[in-house]
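Same chain, two partners: chain A is paired with chain B first, then with chain C.
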Partner chain A sequence: MADTDVVSEVTGSVWKILVAVGDSVEADTPVVLIESMKMEIPVLAPDAGVVTKILVAVGDPVSEGQAVVALGT
Partner chain B sequence: MQRIKSLFIANRGEIAVRIIRACRELGIVSVQAYSEADQDSLAVKLADKSVCVGAAPSKESYLNQKVLIEAAMSSGADAIHPGYGFLSENAEFAEECEKAGLIYVGPQASVIRMMGDKAAARKLAHEAGVPITMGSPDPITSAEEAIEIGRRIGYPLLVKAAAGGGGRGMRVVNQESELRESLERAAAEASAAFGDGSLYIEKYLSPVRHVEVQVMGDGKNVIHLGERDCTIQRRHQKLVEEGPSPALTPALRERLTASAVAMAQRVGYRSAGTLEYIVDAAKQEFYFIEMNTRIQVEHPVTEMLTGLDLVKMQIRIADGELLSVTQSDVRTCGHVIECRINAEDPEKGFMPRPGVLGEYVTPSGPGVRLDSHAYPGYKLPPHYDSLIAKLLVWGADRDEALSRMQRALGEFKIAGVPTTIEFHKRLMGEKDFVSGDVHTRYVKEQMWAGHPTQHML
Partner chain C sequence: MTIKAKLNELETRKAKALAMGGPEKLSRRRAEGNLNARERIDKLLDAGTYVESGLFATSHLPEAREKTPADGKIAGFGKIEGRPVALVSNDMTVMGASSSVVNGKKIRHMREVATRSGMPLVFLGESTGARMPDRMGAQGRAILGQDPAEYQRMRQSPWVSALLGSCYGSSTWYACMSDFVVMRKGAQMAVASSRVTSMAINQPVDAEELGGWKLHSETTGLVDVVVDSDEKAIETIKRYLSYLPSHNNEAAPVHDVPAGADEAGKRILDIVPADGSKVYDVRKVVEAIADPGSVFELKARFGKSLSTSLIRLNGRTVGVLANNPMFKGGAIDVDACNKATSFLVFCDSFNIPIVFLVDQPGFLIGLEGERRAAPSKIINWMNALSLVTVPKISVIMRKSYGQAYLNMGGGRNSDEVICWPTADLGFMAPEVSVNVLFGVKKEEDPARYEELLQQVTRDTSAWNLAALYETQDVIDPSDTRSCLISMLDVHRKRMGSEVGRHLLSNWPTSY
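Entry: the complex of A and B
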């Protein structure tokens, strides 16, 4: 099955990456923290899965709708 | 003799615009610092001169002390205004400005340093006879000591990181059996977040209000300019400020403002400052929390109540003048409410939303003041805070202020980003807010009760 992209809902920059490739996550687990307008916004996994790719690095700018992590089943 | 002929503004957004306006009225040349993300800002358009000080991230521009001081010097400025946030409460920056021969528009560096140290500020309050919440005077050294303090002051209590801020490393403990585990967890959180696991214990008071007193000093005399009630908050950040506080009796107001003057007087305070308190309205008691040694976001509430210009007063005092008004000259009139209009989505837990403003139609008419750096087409950068505008209204009494705010909010049209306008419209009609019966957890526990994002507030 194709990987699911986990996307940021907000424009900002990557503050922290909370998972590593191979980690199993439940739905609603925070995978990345985005810093936007002086606030930390968690990006949550939409479904349970296994992290297959980390698509950003700490400090990277992120736009609304951009994928930050890919999840496989 | 006026020494300040040119003022460098080491800040951005609406407060930069506010300072430029004060400069223009005083006949002072304004020099605006800006980052690469702010080259199209209103402050840059309005200032007499502007200097780019670095890239968009604050660390590389508005927090870069060396570059800011060099830019101020080479632009020929005599003085520097730090605004709020960024370097405004950084004692080292104040010292470095003065070493470079620049007048720092703010308090003495030693006072900034002292008030930035929670334990020292609490000690000063205690010496000045100002009530502080009961708790440990120094960081606790063992669980046994914590248990003993808990038995003395009673539960619930608050375990707080000494180096803390923003709610991290802070836990409410309801009974002794939870204390040991809470201490371990709070210490771990505090070590991870601040690299310092030391903890304080304080009595946890709830429900309470947040009330602050504006003071102004010239290094010799200190006066107060009344209070502001900032109880409506989310995630410990203010959304609405008003004055006078609907919760104070005249007797309590007298004691509160006198305590603020006593503390500021004790350190020979110079410039504008704010002493923050929690107020237990039912018991009519107050406790000092901290002093902010800078101009605050909500200073226009006090300006509209007193008719004084706090930013011009700050600049004149920095220039060596004494206070031009005495305590008995200060009169407050009517009621003022301020709503913070942020680029945030209240329905999504007040998530910030940077973006480009489309339609931007601002309210005006009787009793309305709008402090803002926004304009149609303005691009809100993701690097800085989400404040778009501060909408203030004056009314002869609180009822008039409430209906006027409702009217002004209705005139305010912003397209392109979600804002807090609808939230404020709802709040102005909430029975508890209208009757003045709110506490600091009101938005989270009452307005957002059962909302899917309640946990985020």
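Entry: the complex of A and C
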């Protein structure tokens, strides 16, 4: 099955990456923290899965709707 | 004919009507795991309370009479948890529960009686749309629109819709006119079916994409709650109605308060970080404040930066609007605005007091919001808030920035404003304003930035707001539940038997 993109709901910059390739995550697990509006806003996994790719680095600017992590099954 | 023969005829006709679309169609539904229209009624109503209206109604066309028992829309009255309701249950086994002259009269009667007698109206939806060929041609036009109030909603009593299968035409319209919509996964709601739509636009259309549960719970927000089965949908209707009065001229029912109701609220400080940069799920705060087990969240997957729920506080129904920093940092987007307005209109229409739990960095500004008419949504919300006549209490937990301070009940936009000591008030974060006002960025000129930061920083504390009597109290967060119970009691509309003026009752039911 194709990977699922985990997308940021907000525009901001990557503050922390909380997972590594190969990690298993449950639905609603925070995978990345985005710094936006002076807050650390989590990007949550929409479904359970295994992290296949990290698509951003700490400090990268991220726009709304941008994929930050890919999840496989 | 003797009376016995007449009675035999009655029984025969009754049996024929109750057989609906016949054993073959009914067994097909059963195999698909769906309840039929009459089983749904049985599950919804208290045993032995159902009284049918129009069992012997059929199509007005003589040639269709035999194949249209109850004319495909079963209507009647009964009780839910002892309280009277009116209902319409669509029977897909009879001409796809399509809309006809006669079943339109049945629905009209249910609407009129529910309004006149002050009882909720429940639609168990599943329908294919207009009946063909009845509606074809100019003659078909002439049988439409005979009731100018057919699509008028004044919210004298609550309307509830369940989407339990393919819903096109009537079931869709009534869902959009209802105060509450529950959808079973696998059901669809759309203007026209995927087949008709596919023909119209000359390309394949997926029914689920056109009108499935994900679309309506996440994108349109037209569905309040999604469930997995007919049975769960019916339980959800009952639960929803338990929070509401039977009509707009009485207060909501008061329930017993479970033992230990004050315990969870004392642990609020474990949920909300004092550091405003850390997020949390505000729904845990709502759970902690509410009577145990009483939180009923609406539109949980739509406009998620603002959570709306019905709860009970000390046994009484309250509507809660809570910013949720877990999503978009609590910034209020267009969906959240529509959700807020819709919820205020609903609560005010049924005499349900409103509580705001505030922790928001402002409206989510950006191109997407402007394209979707964000300014008008913000002001619709304010207009609605100014017309609300039920009690309103605002609790500022952490930050309340920008214009949204007013939308969340700040100033005189609620009857009472309460702050936690962690409240942080201002138009925008001072660090942001240095850039906005002076165009100076920290990384470019740190010394000048620091100097300007000192210059623009103001006292943003709850104490300053309290000194100006703009917040009427500053409380320990763990006392929020008891404070709200006291304040809602203070502001009960005793002079009007807790019934508001309903200035919003003719506002749209869908946004």
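Before moving on, here are some points about what is shown:
The criterion applied here is as follows: the second predicted complex is superposed on the first by the 73 of 73 C-alpha atoms of A that agree within 3 Å, B and C clash if a C-alpha of one lies under 4 Å from a C-alpha of the other, contacts with A are read in each partner's own complex, and residues count from 1 in each chain.
What we mean here is this: a contact is a pair of C-beta atoms (placed from the backbone, for glycine too) under 8 Å apart; a residue touches a chain by one contact, two chains touch by 3 or more.
Note that the structure is a prediction, hence the values are computed from the model and not measured.
Judged by the touch definition given at the top, the superposed model places A:13 against chain B, while chain C stays out of reach.
Of the two partner chains, both chain B and chain C are touched by A:38.
Look at A:52: by the touch rule set out above, it reaches neither chain B nor chain C. Of the two partner chains placed by the overlay, neither chain B nor chain C lies in contact with A:4.
Across the superposed pair, chain B and chain C both touch chain A at residues 9-11, 36-39, 41.
Within the complex, the chain A residues that touch chain B are 9-13, 36-39, 41, 61. On chain A, the positions that touch chain C within their shared complex are 9-11, 36-42, 44, 64. Per the touch definition, chain B reaches chain A in the complex via residues 57, 343-344, 348, 351-355, 380, 382-386.
Every residue of chain C that touches chain A in the complex is listed here, in rising order: 276-279, 325-331, 361-362, 364, 366, 368, 429, 431-432.
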